[in-house]
Structures are given as structure tokens and as C-alpha cells.
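Note that the chains take the letters A, B, C and D in the order they are written out, and that residue 1 is the start of every chain.
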Amino acid sequence: MPGAAAPYDFREARRRLEAKAKSSGEKLTSIEDAVARVKDGDLVAAGGCLFSRTPMALVREILRQRRQRLTLARNLMCTEGELMMVAGAVDKVVTAWMSIGLPWGVSKIMREYVESGRVPLEEWSHLALGLRFRAAAMGVPFLPTLTMLGSDLIPVGGTKTLECPYTGETLALVPALFPDVAILHVHRADRFGNCQIDGYPHMDADIARAAATVLVTAEEIIPGDEVRRRPDRTSIPGFVVDALVHVPYGSFPHECYGLYEADFDHFGEYAAAIDAAGSRAVAGYLDRYVYGPATYGDYLDRFGRERLRRQAKYARELTR
Amino acid sequence: MPGAAAPYDFREARRRLEAKAKSSGEKLTSIEDAVARVKDGDLVAAGGCLFSRTPMALVREILRQRRQRLTLARNLMCTEGELMMVAGAVDKVVTAWMSIGLPWGVSKIMREYVESGRVPLEEWSHLALGLRFRAAAMGVPFLPTLTMLGSDLIPVGGTKTLECPYTGETLALVPALFPDVAILHVHRADRFGNCQIDGYPHMDADIARAAATVLVTAEEIIPGDEVRRRPDRTSIPGFVVDALVHVPYGSFPHECYGLYEADFDHFGEYAAAIDAAGSRAVAGYLDRYVYGPATYGDYLDRFGRERLRRQAKYARELTR
Amino acid sequence: MRAPRWTPAELLAVMGSRELGDDTSVFAGVGVPLLAAVLAQQRHAPRLTLVIEGGIIGPRIAPGRLPISTNEMRAAHRATMLPSITDTFLFAQRGFLDCGFIGGAQIDRYGNLNTSVIGGEYRRPKVRLPGSGGANDIISLCKEVVVLTVHEKRRFVERVDFVTSPGYLEGGESRRKSGLLFGRLTRVVTTLGIFGFDPDGKRMRLEALHPEVTKDAVVAETGFEILMPERIETTEPPTAEELRCLRAIDPERRFLGPLA
Amino acid sequence: MRAPRWTPAELLAVMGSRELGDDTSVFAGVGVPLLAAVLAQQRHAPRLTLVIEGGIIGPRIAPGRLPISTNEMRAAHRATMLPSITDTFLFAQRGFLDCGFIGGAQIDRYGNLNTSVIGGEYRRPKVRLPGSGGANDIISLCKEVVVLTVHEKRRFVERVDFVTSPGYLEGGESRRKSGLLFGRLTRVVTTLGIFGFDPDGKRMRLEALHPEVTKDAVVAETGFEILMPERIETTEPPTAEELRCLRAIDPERRFLGPLA
């Protein structure tokens, strides 16, 4: 039972990778087939950060396939975390921060689920969680750091400290975090899974290396020859990826650098509905945006194509 | 005396960085002024790898300024290491491998200087040396790894091992290596020192972060606006860089990805001269290529502009 | 009573901006800390480098298009580099980041900050706050840290319920002894004044009052005993030029708050 | 005596290529190991990914433009990714690299390799060799490792002077006990035959002889006692198609050596 190993068990994590085919062959498939690789109880790590490059199409399909007892790990969590809580998909979240964004205050959904004890929130500093993914990506059980020392985050996370054998100083050793599944959204990939990201890379490259199974959606599928013309743009190699799906606007209503800005108006409406009706508003949102629309195209239509074009224009203005 | 601290002393390394200005201002200067920042006895780390992106113009100027008692650290060393040995600039080298390249066998210069005890060679595995720079770049005294365990590289390097507090397994803790000076050659930079590298990045980004002082030569100086149009191409930020010099063909006769291939004919002539006359051949080479030509342009003229154009053509063929 | 000439957020941003020197780097959160950094860049620190935790170095924030998060295109506008988030924080751990600018929910006499839980037990808190984000890392790793916050009794508490981000812990040498070799909390800039910490005990100390603020007002809004040295400065009020500049950065007054 | 139909390097490259399966990744050094990997890719393993330590993933080596190092454009020709060197090796440490292909100067009965020093004291050696390069990392971290080497008595020694790259150390469980949890040396492919290691003692064992090679030839060229199981296979000789393919990759015979 691989999922039962301690998150820092680099031996078990390595055995799982050794057992997996490292193919440079075809990875392109449907979103349904990709997400069928997620099992109930899995530790799922999501790429991007807050409302940037969130793998929304993959989150949506995980909910549509009614996965349960997941642990969701993400550095800063946003609406995707709230949706998973209210849908009953997660038993636990691992994060450095959770809410929607500064203007909407502390997340009411997070408060409801965490304060009631229904979904424990395991808390790390932003760097510490990044180093946990990086340790896993490097195949080691921990990385040394000076962050979190002295704070209450050390005891609540069970982080061990070490007297440095070279200098005698105290170091925090943050334990590796090996996800069962990574879900990522990128700008482009070839059909063999070689992925390129524009703009801020967040933690995606580390998360991909850390996970046993890697699912990717891409805004664009490009020919392999195009990847080979700019190999220095590739941040995740094909042999790391298990399944790839072509999903334009795959982060919406969150942003994708250079392609579309996050839909802040939508966040405002969403937050206002929660202010009025609490988690019942989110249940309605799930029906309207997740369970209802049969395809991702139908989902996007709920926002309206005009909205998508507008957000694309904002993105071009900000990055050109 | 900062240079006297143990290479893994992250406290002293941090104090040196805290004392330095982190400016986003002008960094462009002359090669003479840049290299004046190197002091006798310094630990100098060179970027690139073997005969790729070697900071040859900076090496040449260090020799012209007759620096002594340097330690040269580089992952794979090539002719630049031989030149420094014969010029009497280095007291020690730190590396994973040293020779010119496969066709020319084991370096005769390296053998002469190391076997006689004149220049000790401190040996690490390629990954271990990379992790030493990375530990320094991260500001920690060591990184854990499974490489080198069991081999004789562990005792000769003084690498400590640890029983992992999470898993009980044995890990090698490779100590950080904080250079006094990093010398790097990159494809392009703006005048504020924001550097972009094409092709394989080697270890340059880590070395830049690891060092107290960073000297960079660039094939091209581009406007700041151009950097801001593709910030995801920047791998070394301006506030890390102390001095920047515009030096086209700054790695020659070594290569620069996409711009010119290494001059293998030149290596062949150089190696044949050593076969015939040993280190005296290198002394003659120093006169002809290092001490003789007053400017880098004069140095390039010794190779002939036709040779430079030919090597540029080869590079385009291989990377387009 | 005449209308104030600036809002509390404007006062914080101006006072914060004055803490930043030229030829330095600043790790800034969004909202007032970012406004303070941009103001400094425009006024007296043109070679200041802004660093934002989403993985952004050297952006030029577009006036009127202020980011609401550290991970969006408005925060990255015309940046010079976009490293991974982990690598961005590692610049701080290595010593490249001179100053960190953060806010805080609860703060105590030793400058410890709590953005995690208030009341109840840790795993069943009365109020669950969003968490550390990068605040713990910034206060642990930047060379100097400035906290910018509204000064209210409910924020300035005797002892924080949870140390999310360590100030001086129990005071004295306790921060250094915990292993935190680097960095220190140098200033707390509030809507009432500017505070530092006494060198030995590391207790919060009033250093300067803003114009027209009294010591009594500070005492009334602080839930612990603040050290009051003999000599207390008065800050220079925000200048017309500072306010003009600042208001041009946030013309919609998204973070500056409504003018009376 | 008739002229051999293939050179020693050709024999090594063909035998090496057969060790590689499809849908795997191979970490290959330049020279014969790279030729073997490219041959496998062209023949039976089209979805093989080549990884080269200079920081190169998935290149398509151009026939006739073979690299002489792991860090040059010929090695990176039409690659799919160019990570940093450190990150490239970390793929191996994490478990992404199925097979490592390396050469070796000296090798002993436990498969330990020496590319550091021969004779004298470590700091004043009789012969200083170039060093580990990535060989130590490859043999420590790849899932399986194949050594490709000319079989000569001066290379196959009783005990290597220095363990640059660990095979099975002192045999038995000593490799595992040193902390090397991952990877193992599975094969030594030489110009005389193919060798493995006995499961318990981890001593080198003959598994197959190349066509027209005798056990006596192996004994004569080996400086230690090789285990000889009852049953020893004979390898299939290189096929005309394998040789044709291989020779097209290195038409200048830069690494294949002169045909008699």
C-alpha cells in the first residue's frame, strides 16, 4: 500500500518511480482517462500558486469522478481548496496559507471546515513547504533550512532539528513530501509530455519530480520539433509525465501568465454569495460549474466567451 | 580575513553578503576593473563546464594581473585549468574531473602538477560538487545526498555522514562551498547585470548565488526593456552581480551554446605541442595568447576572424 | 475636529517608505507594504529592487493596476526575473534580501506575529486565520524586517496565541538560541508611531510618535507595557509630494482607503 | 587468421545496446556508451530517452557529428530539455534514470571502479587520472548500471587502488550497509564477454562469452579469480544490420576504431 508510507519515506517513493515506465512516447489522452489515475485516499499536490496556473480542469474532473479522502497539498490555496472541501473530496489540506485573496478577507469556507475539525489544516511556512517538495524532487528525506526555527510551526509540523556537524548551529530539517499524484497546468507541451511554462514557474517543476504520478493539462499542444528548437524552455521532461490533456483556459477563472488574467469580478460574486449563504453557496456553485457542464467547453460557456476574451486582453496588456 | 573561513561557514558567507550593496544600478565596466576585485589567495569558482561557456576572458585577465595562490573550483576542468597551473596562479584545484577532452587522453599538465604535489587536486563527484555550490546558493552549510557513499571520495573529501532522523538511513552531507569570487560567461545581460543564458545552464546560477563577489562577461549587452519583456529567461538577477563586461567570443576557443562551437582543431594543436614539449609548450602558449595580446580583440585575432566565423557557422547548424 | 490630511494607510505607506535605503533589496507583501516600497523606489531609492514572494524580482508596478496577491501579472509587471517561489525565498536565506516588509494580525511585546489561530485549541481554534504564507520566512531570513500595521489593542496583545512568525520569541537571546542566526525585526511602523526593540531584553520600545499622537494614545491601544525612553522623537509628517506620489500609484484608492 | 568482422569498440557498442529496453531512460557517457545508446534507440528502443550529464535530455545525436564530451552542442543536438548539471544528476537520485552506461580505467572483482589515482600515495600518486566526473553519481544513483570496457589484465585488477565509483565494495551486503540504497551494477560488458555478480557474495561472474572467445582468454586477461558457473552462454554475434546502423552513426570511425 504505497500511499500509506510516511510522506518523507524516500525509499518507498523511489521504489514507486523505479517501477514506473520512463517513456518518451505518447502521453496525450482525455481528462477522464488522466484523472482515472487518482485513487481515493491519495495525497494530491496541485501546481501553480493561489489563483495562478491552478489546474482547475483537473480539480473539476477529480470532483466529477467523486474522489474522496484526498489530502490536498498546495503552497497557497484558493477557491479550488474551498470547492474540494465543500464537495467532500478532501480529508486534510497541507498549505502555507488559505483564503481567496486580500480583498475578500479570511476564507469563510476554510474557517467553517477547519474550525469544526472536519478538515485539518497542516500548516508550513511558504519556503518550508517549497523545500518539502524540493527534497522529494531531489530524492532525499529532508532539506536543512533556517526558516521556521523558534516558531510554533516547528512543533505542530513535527519538524526535527539538527545540530549541524560542520558548524554546530541548529538547523531545521524539513521532511520531504512525496505526493501520490501531481496535477499541473502549463502553457504548452508536445504530445510526449515535454512541458514548457511561461512567466513565474512557481513550484511546478519540483512537484512534478516529487510525485509518483504526474497529470498535466496544457493550453497548447505543440509539435515535438518545436520543443527541440527551444529545449532550454522545457521545465518538465516527458518521461516524468503520465498523462497529458489539451485544455485551453485550463486554469479559468484563475489566471495563466501572459494568456488570461484571473477573473476578479467572478471572485467577487463568488465571495458575495458565500457571505450571503455560506457553504450552501459553494454547493450551488459546484452544481453550476462542476457537476452540471458535461465538458470543459460547456464549463467555459458558463463564464461567457466575452469574459474569456476580456481576460486575455488584460493579460496581454500586462505582459507585453 | 574572510577568505580564511571554512568553505562551509554559512555564517561568515552570509555576513559578507549582508555587507555588500544589492543594487539594481549600473554594473558595466572594463575587464581590468572587474578583475581588480580578485585578490591573491581567493577561492575562485568558474562557470560553464569543461570547454563550454568557460569565462576565458576573465581567466585571461586574472593571469594578466598575475594573481597568485588562488584556489580554482570548477566541475570539469579543461585548458583554463592547465593555463592557471602553468602560469603559477593556482595553489589548488577543486573539481570532479580534469583533462582536455576524450580524444587527447589524460591531461599531461594536470599529471605533472598534481603528481609532483605542486597543485593538490581536491576531488568530488560531479553531483557532489554541484550540491556544494547549491548548498552555498541556498545559504545552508550542507545538503544531504546518497552519492559518494561507500567510495573513497568520502574520506578524502572529509565529507560527514548522518543517520537520518526521519528514516534511520545513512546520508552523505556534502559541505557548502562559498567562493570568494565567481567568474561567469553568459549570452546576454542588461547593463544592470540581469543575465540570461541560452542552452544548458550548467551550474552558473548556483555559483553566482554562492559567491561573495560575482564577475560576468556577456556576449551581448541588451537594453533593460528587453530583459523586462522576457523576465522568465533571466537566471542571475542584477543585484547578485558586481561587475559586468561586454566580451563577444568571451569563451573562445571554448564554446558558447548556439553562438560558436569549441575549436577542436586548436585543442589538437595545443595538445600536440604539449606532447612535444610538456609544460614549456603551455608557457609559450601563455605568451602568445595571454600576456602578448594587449586586448581581447588582439587575442581573438591570433585565432583569425575566419576561424571565429567558421565556428559560429557550426554552432548555428547544431542548434537551429 | 478638522479632517485628517491623510488616511491611516497613507501614513503607514509613507513612514514605511522612509525605512528603505537606495541600492538595497526589499521583500514586500501586497497592499500597504508594496505601496511603501514603490513609493520609496519613486522618491529616494531608484536602485531599490522589489522582490515579491510569488517569484518576482524587480517589477515596475503599473499605477492603478495594483496586485491583490503576490502571484499575479500585476505583481510581475515588467519584472526583470521570475524565479521559482522556493528559489525566491532562498535568496533571502542566502542573505541577498536586505529588508522585509510584512503586516500582521496579532503582535506581542517581543514582536512575535500570529496569523494562524486565535482562541481555542490549535486543532480546533476559535478563529482559524489563513496562516504564515511567506511571513515566517521573511522574518526568519531577511537582514532587517519592518512590520507595518494598524495600531489597535486587539492586535497588540500581551502574548500571541501562536507564534506563526518569530520576532524575539521570549526576548533576550532566545531568538538567537533557537537557531535563527540571521535577520532581525528592526521596526514596527504603526498608525500611531514607530517602535523598535531594546538591545538587551528585546522588548518593544516607542521610538517616535506620529504628528499629533500622544503617548497616552499608544498606551491605550497597546495590550502590553511598551518601553518609553526619555527621549521620544516626532516623525516628520507626510509631505505633500509624498502624498501626491503615493496617490498616483493607487488612484482608485484600493489600498489607501477613502479620504474623508 | 582472418580479419575480424568488427572492431572491439563495435562489439562493445552492439552488446551494450542490447542491454537497453524500450520505454526507459539511459544515462550515458560519451564514446562507446553513447554509441550503444544511440544504436538501441535506432534499433529496438525508439522511446528510449538519452540523458547526458552536461545537462541534456532526449538529444538526437547527428550521425557523423559525435560529441567528444558531455557538455557540447553535438551532445545536445535536438534535445528536448537542458536542465542544470546538478538537476540532471538529481533525476538519477530521485529514481528517474533506469540505466547508467559508464566506462572505467581499473575495475576489481566487486565491480569497484578507479579513475582517480594509480600507485604511490593518494596525494602524491604515481599516475593521477582525471577523476570521477559523473561516474560515481551514475553508479550510486541509477537503477541499473552497465560498465562497458576493454578487457585487459591491467584494467581487471585484484583490488582497485582507489574506489572512485563504488561497485559492491567488499562484496556481500557492504554496498547496502554503506548507505547506498539505490541502484546496482548489473553487468560488465567487455570485449571478451558479459559478466554479472553472484547474488550473495557479489563477486564478478562470467555469464556469456562473445563468439570465438574462450574461458582461458578471460582468465588470462583478468587479474582476479572470476566465478565460472556451470552454464555459460555465448552471445549472438553482432548482426550485419546492427553493424550497418552503428557504422552509419560514426562514419568517420572516431570511436569505432579502424577496421582491419
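As a working rule, a residue touches a chain if its C-beta (ideal position, glycine included) is under 8 Å from a C-beta of that chain, and two chains touch if they have at least 3 such contacts.
From a predicted model like this one, the values you see are computed outputs, not experimental measurements.
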**OP:** Go through B-C and A-C and name the pair with more C-beta contacts between its chains.
**Re:** A-C
**OP:** State the chain with the largest centre-to-centre distance from subunit C, centres being mean CA positions.
**Re:** D
**OP:** Using mean C-alpha positions as chain centres, tell me how far subunit C is from subunit D in Å, no decimals.
**Re:** 58
**OP:** Between subunit B and subunit C, tell me the centre distance in angstrom, where each centre is the average of that chain's C-alpha atoms.
**Re:** 40
Subject >> Distance between chain centroids, defined by C-alpha means - subunit A, subunit B (Å) >> reply: 37
Subject >> subunit A and subunit C, separation of their C-alpha mean positions in angstrom >> reply: 29
Original post:
What positions in subunit B touch 2 or more of the other chains?
Top reply: 11, 138-140, 145-146, 169, 171, 199-201, 231-232
Original post:
Residues of subunit C that touch two or more other chains: which are they?
Top reply: 76, 82-83, 90, 93, 181-182
Subject >> Interchain contacts, given as pairs of chains that touch >> reply: A-B, A-C, A-D, B-C, B-D
Original post:
In their complex, what parts of subunit C are in touch with subunit A?
Top reply: 30-31, 53-56, 62, 65, 68-74, 76-77, 82-86, 89-90, 93, 116, 120, 122-137, 140-141, 162-166, 169, 174-175, 178-182, 254
**OP:** Would you pull the subunit B residues touching subunit D in the complex into a rising list?
**Re:** 48-52, 75-76, 95-99, 101-103, 106-107, 110-111, 114-117, 120-121, 123-128, 130-131, 133-134, 145-153, 156, 161, 169-172, 199-203, 205-206, 255, 257-258, 261-262, 264, 314-315, 318-319
Original post:
Any idea which subunit D residues touch subunit A in the complex?
Top reply: 22-25, 47-49, 57-58, 60, 76, 78-83, 90-91, 93-98, 143, 181-182
Original post:
Residues of subunit B touching subunit C in their complex?
Top reply: 11, 13-15, 17-18, 21-25, 136-140, 190, 192, 194, 209, 224, 227-228, 231-232, 234-235, 237-240
Subject >> For the subunit A and subunit B complex, residues of the former touching the latter >> reply: 6, 8-11, 138-146, 160, 162, 164-167, 169, 171, 173, 175, 197-201, 229, 231-232, 320
